[in-house]
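Both of the next two complexes hold chain A, though its partner changes from chain B to chain C.
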Partner chain A sequence: MEKLKYERPLIKKMNTGIPNKFGQKAAFEPVKYIDEVPVKQLIEKFGSPLFVLSEQRIRRNYRAAVRAFSTRYPKVQFAWSYKTNYLNAVCNIFHQEGSWAEVVSGFEYHKAINNGIPGEQIIFNGPYKDAEALNLAIENGSLIHIDHFDELYNLITLCKSHHKKPKVAVRVNMDTGVYPVWDRFGFNYENGQAWSTITKVLESGVLQLAGLHCHIGTFVLSVNAYKAAASKLCDLAMKCKSQHNHIIQYLDMGGGFPSVNTLKGYHPSGADAIPSIDEYAEVITETILNAGFEKDDLPLLILETGRALIDDAGYLLGTVVANKRLSDGRKATIVDFGVNVLFTSFWYEHKISPAQDATQHTEETVLYGPLCMNIDVLRESVNLPLLNAGDHLVVHKVGAYNMTQWMQFINLRPAVVLIDKSSNVHLIRQPETLEYLQTPELLPDYLKIVHG
Partner chain B sequence: MKSAIEYHTKSLLNSYAILFFSQNKVLGTLLLLVSFFNIPAGLTGLVCVIFALTTVNQLGFHRDFTHKGLYSFNALLFGLAFGMFYQTNLAFLLWLMVGCIITIVLSIILSAWLSKYNLPVLSIPFIITYWLVILATGTDNTTGLLPKDGLLPNQFSSLGSQHLFSTSAQGNSIFYFADLFFRALSAIIFQNNVIVGLIIAIGIFIHSRISFSLLLIGFFTACCFHKITGMYPDDVSYYHLGANFMMVSAAIGGFFLIPSLRSYLWAIISIPASFLLVNALTKLLGIYNLPVFSLPFCLITISLLYFFTLRITANKLQLTPIQHYSPEKNLYQYTNNVKRLDNLKYLPLNLPFMGEWTVSQGYNGDITHKDDWANALDFVITDEEQKTFEYPGTRPEHFYCFNKPVLACADGVVETVADNIEDNTIGQINTLQNWGNTVVIKHADDLYSKVSHLKKNSIKVKPGDVVKQGDQLALCGNSGRSPEPHLHFQLQLTPYIGSKTLKYPFADYTGHNLGAPDKYFAYSIPEEGMVISPVEINILLKQAFAFEPGYYGVIETPDGRKETWEVYKDAYNGRYLYSKQTGAVAYFVNNGYEFYFTAFYGDEKSLLYLFYLAAYRINFSSTYPGVSDNYPLPANKFGLWLHDIVAPFCQFVKHTYLNQYQINRDEISIAANAQYCFLNKCNSIMEAEIRIANNKLKTFSVKMNNQITEATWDSANN
Partner chain C sequence: MKLRKNIATSENGFIFNPATGDSYSGNAIAAEILSMMKNGQIAEEIKATILEKYDAEPNQLDKDWEDWMLQLKQANLLDE
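Take a look at the complex of A and B:
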């Protein structure tokens, strides 16, 4: 018989009353496997902490999203939002599934090109596009989404030297009933700026107005906001047809669909509060189909969904470093991953599971990262079983933004592995090393000797 | 002016060539030449043809029929016969004109009357007119016409007239048969001359190998039959051989019927019948001293054709649907069309939904698609694990297809709607209102489509509404006999909910069986288990080929050739491009999914012909950029002459077309390639490229016979 695991003694106040007739479920389901691969084995092989991505989950999410839209609208195209997760392995899973690339900087643009994406399937968004990347985008025939007038004028000047007519879209911001209004991307609809930009683009003679774009927010929980946005874009597109006899080839609804994470201070939990992607698809497609486009003029619907497609495919595995008692008596647990790698812990109440069996007893704990910084708090209060140093934890739904916004700070960034559909584990990013970190550093000669 | 001369010359030559069911210039010219082997006859023949052509042109008869020589060849026969048998005097000239006019009038009246039954007039007008002349002249010579050298036309074909067939080479030697064969051919223009026959034979061989072989078959069958029966005491007359037996064989075996083994058999069968008729008619008409001429041929051919037209199905013995005046062309066009254009009989149907759906129950399905309701399809949406629902699948909303738009499969008028039946809970079925909420659309007389098990209160149309293909009708639901949400689709002949089903294909879709790659399907019925989706149309490509009547394009080449193309539609609503400068015509079909040419007539040196070759079939699908097809084999290509002879029985040469297009933003380039394939050995004979920019055709270039032709659309008119 296996030796029972030691758990520290715990004194817990009895609460009267039970939340529901089945009683409160105190015990945590341990997560010992990710896609049939033992967590313990992953940590043994690749170290702790470790990001794990499930390819099967990514593909499933993508196909579900495509299914939701393409069974409601005849022409749908997804474009993978690079900033959400631009590990090449991840990008190429999306590209294999048929996704275009949506990039917001010169560096991302090059990344997409290096991944083998044809120029005309790259959407170039963002408030700042450097001249070199912009030139390349014109040359490659990429879709350039204009964010502000200075960019428009700049583009017109560049085009004159190129003798090419790039395909552009006007980025439109608008009141969608969600506050605060995201009015920083593109031109405003309500005050007429968007329409005046459209006119300027059409009259420039050197640009082809191919589409209209909006990006109404992130983690938008209101389906109706998309209805408002789609109807305003359709309105502009119809006006282009009626006033300029110009057909808008595509409407890009941007990103912003939420994942099933729980936002901080938000009740109930994510899975219950968040509309499904089908609900978004229904309002968007219905709005466009009923806008009055002629059948042949029906615009291509582009979606730059990022977070909703990958968040729940990412896991962060870590290890308990120590338990301690705070001055006010609360329990605290220190783990080996901090906010520098789990950036989203600033926004989400991440679900955290133990990776090994435990008794039903739990204790409220503050979960700290390993950084020597006061802000390194992963969960201010989380109920966890009684963990010992060396026990493993699994953080759920960390696929979006963490592997792009993470940073090397105090600790180096960990490895990332991908589990394919046959449960083979592929290392897709090595853990950082000191040597890697120092490669770009230069040391002036007189500083090379410390003890002179 | 130039075109007028061309028109009249062609009409003249056609009037000669049509004697052998041809429009071949070479054959026409040769016949014109050999008719002058007897100068008076040649002259009167020519005069009568010119007179007939001028008359019908002046009187304003159908130019097309005139052009083909259909109104003038009887006058030609009359002129030839008249000049052959009567001496030239004043009465001769008078009665020649009168006879000619009567022939013309009879030609037009009889051909109009017979064409109602789709029957040809053949040489009946000539026979009647000539009989009139003979009867009127009689033995007392009241008309003042003098028979030549005591040769009376009624002796011409009577039995046993010794001087009319060769007695010098009696026997079975090859020379005897060759001599007889050529004389028989020359007899069709009332001559008895081996050289004339030889020249005509060469002309016919150049015109058509099939015709030539049928003439031979007719000849030998007649000889054999005669040998066996010994019907004629001396020998079979060369006139009867030529004008009756051989012509029956050519007409039935390869002209009015699509040449095939069966048509050849009928040709052989018709020869003994002709024997009987020749004998009987000769005896009957002998009472009045009238020659039978080609009357047996006319009667046999017309009777057999009428007999065939009365059939309900043609099966493998097919009457020539469109007469191209060449057995080879008839055959090659027909075999090609049967393969390519069979689907024109269907109304193009699109799938009644968007995106990828799975056929959960196909035709003759095990669950409910049985008996009279066997030809129906059930659709659901599945995920990568072939599940139709998301966990836990206890409510209709958990099913992927529930709430998804259901579309009209084609244009039509809404006939019946049922919209207030509750959606079932999962696992329950409503057998009382088993079809559930349903929309029936009338697409054409006796053609209705029906979608069933729709969501309650989701139907957006009402009876009488006009719907276009792709319009949303309702949402997929779970009403009626539906234990879980699915869409039922069927075609039917009658308007009721609950009507029997009709087998009917979808015009195009893409699909795959589990694990197999996606394929393009045209006019096909998806099988159970297939995952299918509608084809995404490349709008630019579709718009570039949207030739509607009134379309007008000017096409130029760098070396100064210029053609103006305009789109017209004919009496049968067929669309065609007409090249004004060359008169060339190219028929096409555009069903919204594909553009394809169906036939080309006219000048093969025209730019339109090159475009016909290059853009033979263009598929608008944006997922499957490329398509292959077969051209009809050319009717008169020297290299295929041997193939022509066996073609009615088996064909082993193919003329293939293959294209592939590349899209670079708004520019589309279509690269096409044509090959001749002999069994599996292929030889490229044409390479072409069509370029499209911003939904307009810009240029096309064709490389053929080491010659490159580049043509550009004049942008001002495009």
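Take a look at the complex of A and C:
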């Protein structure tokens, strides 16, 4: 007689009373394929855990964002935010689509150059640009966005020795109704510092003021905040024309559009809560078009959108290591990826699906990573089917920031693969090895242990 | 590991504890094990029956039995 399929015994307390008004369908629909490639096969070939990126999804997101803006405004340019995901394969997908590069360090600047991006298509942002990279940016004609007065005067000094007149923008911070105000970057609009800086740049004689830049926050759910920001940048640009007869060539609205992830403690879930990219495009373009620019003076609109273009194109595959029951009766499951790899689990409630069939029975589970550290908690409480050691899981929407902010800690960082539009799988980052990690280490002779 | 005498169970996995007023629902295998426990069968007999009927490894069942006991204790369904 054929034996029946086994499932561990489970009882669940039945609660009566007021139902949870934020109730959601338990996420036990198995996800067995990513872009038609079996999850099981990916793990067998590349190991577990494993990051998987969908090229098709990245390109689709990018084209939708470009369409949202370019159907409303005549001059639009996207610049890929390297810090969101600077794997070369990812950057080059965006560059193939026509995106410039937006970098915030010397390291990222060199990455963009190595990816073949012309200097004049690199936007150099951030509060610290090392002298070597800044010199290179001046030589290459990159767009340098000034963050503070020390940088401005340093730049003026460097330009005198270069005999070059680089294109620069002034980064402006402002009150947009979203708090806290990101006033640590750039010059403030309300207290007049931004205008004072603009004047100093124009009067320097060695810098070309090409643009104005802002980046008002991250995961900004208020469309109106962008309206306020665009309005204030337009006001400064119009003032440049009226008081200095200087035309601002571009307005860079930065990034900050949210992805469809769910922030911790935020209801309803991401997909139901966030405005579409069209809504952001509508308020930004409408504000600029109605600001009073003459037709020929209409500035180029630059966007540095990162997470909204790639988050839902990334998946993290993993494996259940063990189950246990905590002293208070809660179920706990340990998986082979931790917070050091899934960095965004600190602020998102990531959707997690099983990768194989399961029954309809589910259990509230605390999901722990494999690190021998108390902080390694991926989900405080997630409804999952009855998983066994060796079962696979799929974490959704992990494409932004994880593959740059991840830490090598206790375990080695995993491989990253890209699935192309024909469902071919490409290894785009090898898993780390002990040799790779130890290459920069040096051991003084007197500390070498010799046996015998 | 005996179930409290006054615990009411049904074939489809419904459990009621009249002492606390709490109700529980169980999956099919939980219902089956509860029924055997109510009939006074000991752990080894129940495990043997499960292994014969279901596609389970003895080690897996052993681990799950530990967890099962903790669930019953947590729900206050066992005699001390």
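One rule holds in what follows: the second predicted complex is superposed on the first by the 431 of 452 C-alpha atoms of A that agree within 3 Å, B and C clash if a C-alpha of one lies under 4 Å from a C-alpha of the other, contacts with A are read in each partner's own complex, and residues count from 1 in each chain.
Note that contacts are C-beta pairs under 8 Å (C-beta built on N, C-alpha and C of every residue); 3 or more make two chains touch, one makes a residue touch a chain.
Here the structure is a predicted model, which is why all the values come from computation and not from measurement.
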item	value
Clash or fit (per the criteria above) of chain B with chain C on chain A	fit
First (chain B), second (chain C), both or neither touched by A:K448	neither
Which superposed partner A:E120 touches (first chain B, second chain C, both, neither)	first
Partner chain in contact with A:G329 - chain B first, chain C second, else both or neither	second
Chain B versus chain C as contact partner of A:P74, first or second or both or neither	first
Angle, in degrees and to the nearest 10, that opens at chain A between the C-alpha centres of chain B and chain C	140
Which superposed partner A:R59 touches (first chain B, second chain C, both, neither)	first
Which of chain B and chain C A:H361 touches, first, second, both or neither	second
Nearest Cα pair across chain B and chain C, whole Å	37
Residues of chain A contacting chain B in one complex and chain C in the other	none
Complex contacts: residues of chain C adjacent to chain A	13, 15, 22-30, 33, 50, 53-56, 60-61, 63-64, 67-68, 70-72, 74-75
In the complex, chain A residues that touch chain B	59-60, 63-64, 67, 69-75, 120, 141, 167, 278, 282, 289, 295-296
Chain B residues within the chain A interface of the complex	353-357, 381, 383-384, 400-401, 403-405, 468, 470, 472, 533-534, 536, 539, 542-543, 664-665
Contact set on chain A toward chain C in their complex	3-14, 323-325, 329, 359, 361, 386, 388
